[in-house]
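Two complexes follow with subunit A in common, the first pairing it with subunit B and the second with subunit C.
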Partner chain A sequence: MKDRIYSDHVVNGQHYDVLIIGGGMSGALIANELRNKGKKILVLEAGLVEGLSETSYQAYLSRFYTQEAKVPNSPYPNNCFAPQPNVMDIEKILPNKPDTKGYFVQKGPLPFSSTNTRSLGGTTLHWLGVCLRMLPNDFKMESCYQRGVDWPIDYWDLKPFYEQAELEIGVSADTADLKYPGAGPDFFGDYDFPMHKIPPNYLDTYLAKQLEGMRYIDDEEEIDVDVVSIPQGRNSNPNVNYIDPRTGKPYVPRGSVSDPYTGQRCEGNSNCIPICPVQAKYNALKTLQSALQSKNVEVQAQCVVSKFEFDENANVLAVRYKHYVKAGDRSGITEGRITADTYVLAASAIENAKIMLASKAQDSSGSLACNLMDHPYLLTWSLLPDHIGPFRGPFTSSGIPSFRDGRFRNKKSAFRTDIGNWGWNFPTGAPYSDVANMVDQRNLFGKDLRNKLHDTVQRQMRFGFLIEQLPSKTNCITIDPSYLDDLGNFRPIIQYDLGNYEKAGFALAKEFSDQVYQRLGAEQYTTYSPSDPGFVKYGQEGFTFHGSGHIVGTHKMGNTKFDGVVTPSQQCFEHPNLYLVGCGSMPTIGTSNPTLTMAALALKTSTELSNKLR
Partner chain B sequence: MTDPVKLDLFLELSAFITGFERVELLGTGLALPYLEVVEKNIAPSLFVETLHKFDDARNDHPENIGQIMQRQFLAHPTYGPLLRTIIKLWYLGQWDALPESWQERFGNSTPVSGIISSSSYLEGLVWKAIDAHPMGGKQPGFGTWSSAPEEK
Partner chain C sequence: MKKQHITSLESLYQHLQWAVEVEHFTIPPYLCALFSIPEQSSNKDSAKIIKSVVMEEMLHMTLAANLMNAVGCTPIISQPGFLPDYPQNLPHSDDHFIVSLGPFSEAAVETFLKIEKPEKKGSSGNAEHYRTIGELYNAIEEGLEYLCKLLGPDQVFRGDVSRQVTSQDYYGGGGKIVVVECLDSARKAIMEVKEQGEGFVEGDSIWDDDAQWGQPDEPAHYYRFMEIAKGQHYQEGDTPESGPSGKKFHVDWDDVYKMKINPKVSDYPVGSEIRTLMESFNFKYTKLLDFLQKAFSGNQDKWIAAVGIMYELKYDAVALMQIPTGDGDTVVGPSFEFSYAYFRSNRTDEL
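Moving on to the complex of A and B:
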């Protein structure tokens, strides 16, 4: 396998049957599905080949341990030739003055705070692993709620691909537990997941008991409040009734890429973002490793694609890129050009759009590089009257899906509620900040300090609300030769805002949260400050949102070239031998974390490509 | 070689201000590295002075040492910032740079700051204090998070 992964520049001038740009989950899934078709496949990756060996994965982990700011990209070194955004760079954007501190040039008015990773394995290195299907109504927002747009496909078209994606990722859940508004009995049918659910956190059980029978009364409807476990791409006990269709045998959880016996279960390292030490959490290195079992698949790293060349029929003729020997070493840069029969652009939603703009690609729909969406993430936090044992287990194990669908969606955003297991880690930087605060401000020391810390942190709880954002043409990416990175590639320029629909969603989520804390007798500590980068005003109220890492919508699928950039199989309407894959193809975002849907779409694309390549 | 009396006093002082037993501090394996960190950051004379003052106070007024620590050490403009930084060193495995004016007067010429090492992060007392494990290390095992927290 190793001899087909290149860091030195060896592929220049070659021709491949399929050229995949980006070694993240989308690219890996397609390489893996096509590996046995007898076709030559190359994955071209901008970042370094790290993480496949135990030593290099451990290097990520050691880096994480010693970083003071333990943000999502903290284990993964920044590489000036394939730069990546970092939440530490997010600032308040001043009017008429783009913020250029980080990799993204932020034109605002609001900051786009989501990040991606540019290294082999992509953003799944630091993703959380929540694997939710979209709900049937999420695919028809316009017909149901006169908001957003309808997809050219529906839930039922994707259902078989969701099942396939859940197998490849290795999703743990029990369908009997999963209750979603508007899902209906056929949502899962008689299907069950490869592994049983991740055991619930103590807090989940505590909340389920306390909130039993709670109903939230909105203007038009009454909403049952349910605590429901979350399907996750992390290993749990296998479901003995699940026969793996690939082997005909019972399912075996897939552990770490360097040692299959490590990480067969989630060991409760409480660190899914930014790095799972044992790889119990799925990452795309696993799928790449499987793809690389075939001699047909090669990976060339350290090659950053800048653009496509098109022929007279608007087919892609070649891809242009630069290879570097060492990040920062200009003398080691060489230019390269590769041709292929079929091209798959899988560099994640913002990079995909940027490369298409740099290539001056055709787009009759006017939606290329537009409709950038995320789940604006609203936090609320409180101290419970009881100790609930935070900082144990995965980031989240249950949520409250009650507001994922409902009639209110014609006026305000639907949302999904995460129950956080790591105390106030996200909102305040607990427990580190608690130590600093108790020592420096509250003048505690000795046994008092130890006891107070215990009592406070043990009572910390927080909710996270993932607010559905509607597509908007003005949330877009542009390029400008005055903003280039160290390799001379365009830096994405982002224009991003939220409308009243999303802000009304914040208000609904906050009101719901207040009612829950009142019911629990919790002391609320939530504060939003006008100096926060993501602060927005809505009437008399103000809210602060964060990014969810869900970068969606920049090359939406449509029925024709006039209403979309790609077909439902993610084939580019106007450049037929090119496929744009990833969350960028999604016309709307719904309330589910988008990667399972992205994976289902990649598998749909693979099926079409398999048939074509036959 | 490290002066055993100094190490001993450093441990006694650390145990008192962190609220952890001496044996728990030794169990982190970090007593010596932390002593080195302190010595790199602050003038040797001040450190020795602080240790001896603490030693005298606890011998002379064992019944009142808590209040003395609060009033004469933590509230003291020179000792206070140093002791708070040592508490955070044990709890977080990290040396927070002292204010510049303090550093200029009492600091050593080889300051180090930030998280000392992977093990200092993993051994941070904060995790024990809150009955958890360091995020990303010392995995407690599948499903352990489902049980109710132990009450003390």
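Moving on to the complex of A and C:
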């Protein structure tokens, strides 16, 4: 396996059957699905080959342990030749002055605060692991609610690929527990997951009890409130009734890539983001490792694609890239060119769009590099009257899906509610910030400090609301030769804003949150300040949102080349031997974390490619 | 002509209980050696080897418990007499060596090699004392076969299948759990213990038969410890005679927490900080045994809690190893003694 992973530049001038650009989840899935087709496949990765060996994964962990701010990309070193965004770079954007502090050039008016990882395994290295399917109505927003657009496919087209994705990722959930608005009994049918749900934590069971029978009521809506467990891409007890179709045997959880006996179950290390120390949480390295079992699959790292060359029929003729020996070492840079029969562009939605722009790709739909979406993430936090034992287990294991669909979607965003399990860690940096405050501001020490800290931290609770963002042509990526990275590639320039639809969603979420805290007898501490980078005003109210890390929608799929960049199989309408895969293909974002849908789409593409390559 | 050691169900139950005791007996000494290797140590390869062995000993203990449950009796774990009083001979052995609790050291690895020594061809020990663990399992297997013929398999395998520990609950090391329901599955369980354990019969092969147990190729325990003794891994083609010829690795006998050999709570005055911490470790270890007892008695929901305690024990043991004993040389370590305090605080109807 090691023999087919290259850091040195060895692929220049070669021809492959399939060239996959990007060693993240979509690229890994497609390489893996095609590995036994007798076709030569190359995965071209911009970042370094790290993570597959025990030593290099350990290096990520050591880096994480020593970082002061444990932000999503903190374990994964920035590489000036394949730079990546970092939430630490997010600032308030001033009018007419693009923010250039980080990798993205942010034109605003609001900051785009979501980040991806440019290293082998991609953003699944730091993802949370939430594996929610989109709801049937998410695929037809326009026909149901006269908002956004309809997909050219529906839930039922994607259902078999969702099941396949849940197997490859290894999703833990019990369908009997799952209850979503607008999802009928056939949503899962008689299907169940490969592993049982992650055991609910104490807060989940506490809230389920306290909120039992609750109905949210305002002037326009009446909604039943349910606490429901969240399907997770992390290992739990296998479901003995689930027979793995690949082996015909009961499902066996897949642990760490360097030590299969580690990570066979989630250990509750409580730092899923930014890194699971035991790899009980899925990452794309697992799928890559499986793909690399085949001699047909090779990985070439440290190669950053700059653009495609097209022939007279608009097919891709070759890909141009630069290889570097060491990040920052200009003397080690060489240019390269590879040809292939089929090209798969599987970088992040932003990088995909950028490479297409740099290649001057054709686009009759006018939607290439547009419709950038995220789930603006609203936090609320409070102190409960009871101790609820936060900071044990995954970041979130239950949520409230009650607002994921409903009539209100014609006026305001649907949203999903995360029940945060790590106290005020996200909003305030607890528990570390609590220690600092109590020592510095309140002069506590010794036993008093311990008691106060225990009492406060034990009662911390927070909600996170993932607000559905509608596609908009003006939320877009552009390029400009005056903004280049150290390798001479374009830096993405981002224009990003929220509309009244999303802001009305914030207001609904906040109102719901207030009603819940009132019912719980909680003391609310939520504050939003105009100085926050993500502060928005809506009428008299103000809200601060964060990024969810869900980078979606820059090359939407459509029915024809006039309403989309790619087909439902993610084939580029105007450049037929090119596939653009990933979250960029999603026409709308719904309220589910997009990774599972992205994986299902990649598997759909693999099926089509498999048939074509036969 | 081989001697038949087990000729009654009572004797079978007794032997299976011994098997559980023998498997458990190896765990505290292996854990002490493992925990004494600092996380960021040059002895990482050795730590990995010891960890892989101790995980499989836990599997073997569970397989022995499955065998017991299959024949309709319950392993007895959470009782004062179950815990060895180190230094001690391997229980039901021929007493030719003594096992101590102590740090990773040359002497410890030598003892581990003795524990895992391959059985001699054709040897079967005597009815009370077995020269190797393999001999004990041979006696059990022959006893099962004998009794199945004598009484019929239904009279032997009369346990409640719902008490079997399955792969639902058991995970985290080499090998696979075997649900024991009949003579065939019993043989499979015994074979797995023997192959992973002491490597079958002396002189045969260094490898356990891995594809069968769903794990990558690994040498049997004896040969894994031999790798540490030689500072070199085995590779394909190596034999017991050739010794290891694979990748060499560094073994630094000084890069350890030098835990005091065979510590006892009674070494320290009542109420002293060290004694309190040692007692707290023993309290948790006894609790773990209690939970395992319940898990082996049909309360499978105790598994998750038991796993949680295993993690706590690791942190507590390593914390003990940060405290100097005061003799200017050694640090404190876990003593793995029975905690009467735990049972006083948890008198339950099971007792």
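Odds and ends about this structure:
Keep this in mind: the second predicted complex is superposed on the first by the 610 of 614 C-alpha atoms of A that agree within 3 Å, B and C clash if a C-alpha of one lies under 4 Å from a C-alpha of the other, contacts with A are read in each partner's own complex, and residues count from 1 in each chain.
Definition applied: a residue touches a chain if its C-beta (ideal position, glycine included) is under 8 Å from a C-beta of that chain, and two chains touch if they have at least 3 such contacts.
A quick note: this is a predicted structure, and the numbers were derived from the prediction, not measured.
Shared-chain residue A:Asp440: touches subunit B; no touch with subunit C.
Using the contact criterion defined above for the overlaid structures, shared-chain residue A:Lys70 touches subunit B, although it does not reach subunit C.
Legend: residue contacts after superposition of the two complexes on their common chain; A:Pro238 is shown touching subunit C, with no touch to subunit B. In the superposed model, A:Arg265 lies in contact with both subunit B and subunit C. When the two structures are aligned on the shared chain, A:Ala358 is found in touch with neither subunit B nor subunit C.
In the superposed model, more residues of subunit A are touched by B than by the other of subunit B and subunit C. With both structures placed on the common chain, the touch criterion links A:Pro199 to subunit B and to subunit C. By the touch criterion stated above, A:Ala208 is placed in contact with neither subunit B nor subunit C.
Once the two complexes are laid over each other on the shared chain, residue contacts for A:Pro253 go to subunit C alone; subunit B is not touched.
Subunit A residues 199, 265, 267 lie at the interface with subunit B in one structure and with subunit C in the other.
Looking at the complex, you find that subunit B touches subunit A at residues 16-20, 66, 69-70, 74, 83-84, 87-88, 91-92, 94, 96, 114-115, 117-118, 121-122, 125-127, 129-133, 135-137, 139-149, 151-152. On subunit A, the positions that touch subunit C within their shared complex are 199, 237-238, 240, 250, 252-253, 260-262, 264-265, 267. Contacts from subunit C toward subunit A in the complex involve residues 52, 55, 166-169, 171-174, 214-216, 304, 307, 311. Those residues of subunit A that touch subunit B in the complex are listed here as 61-62, 64-68, 70, 199-202, 205, 236, 265-271, 275, 277-278, 387-394, 397, 421-422, 425, 431-432, 434-436, 439-440, 443, 445-451, 453-454, 457-458.
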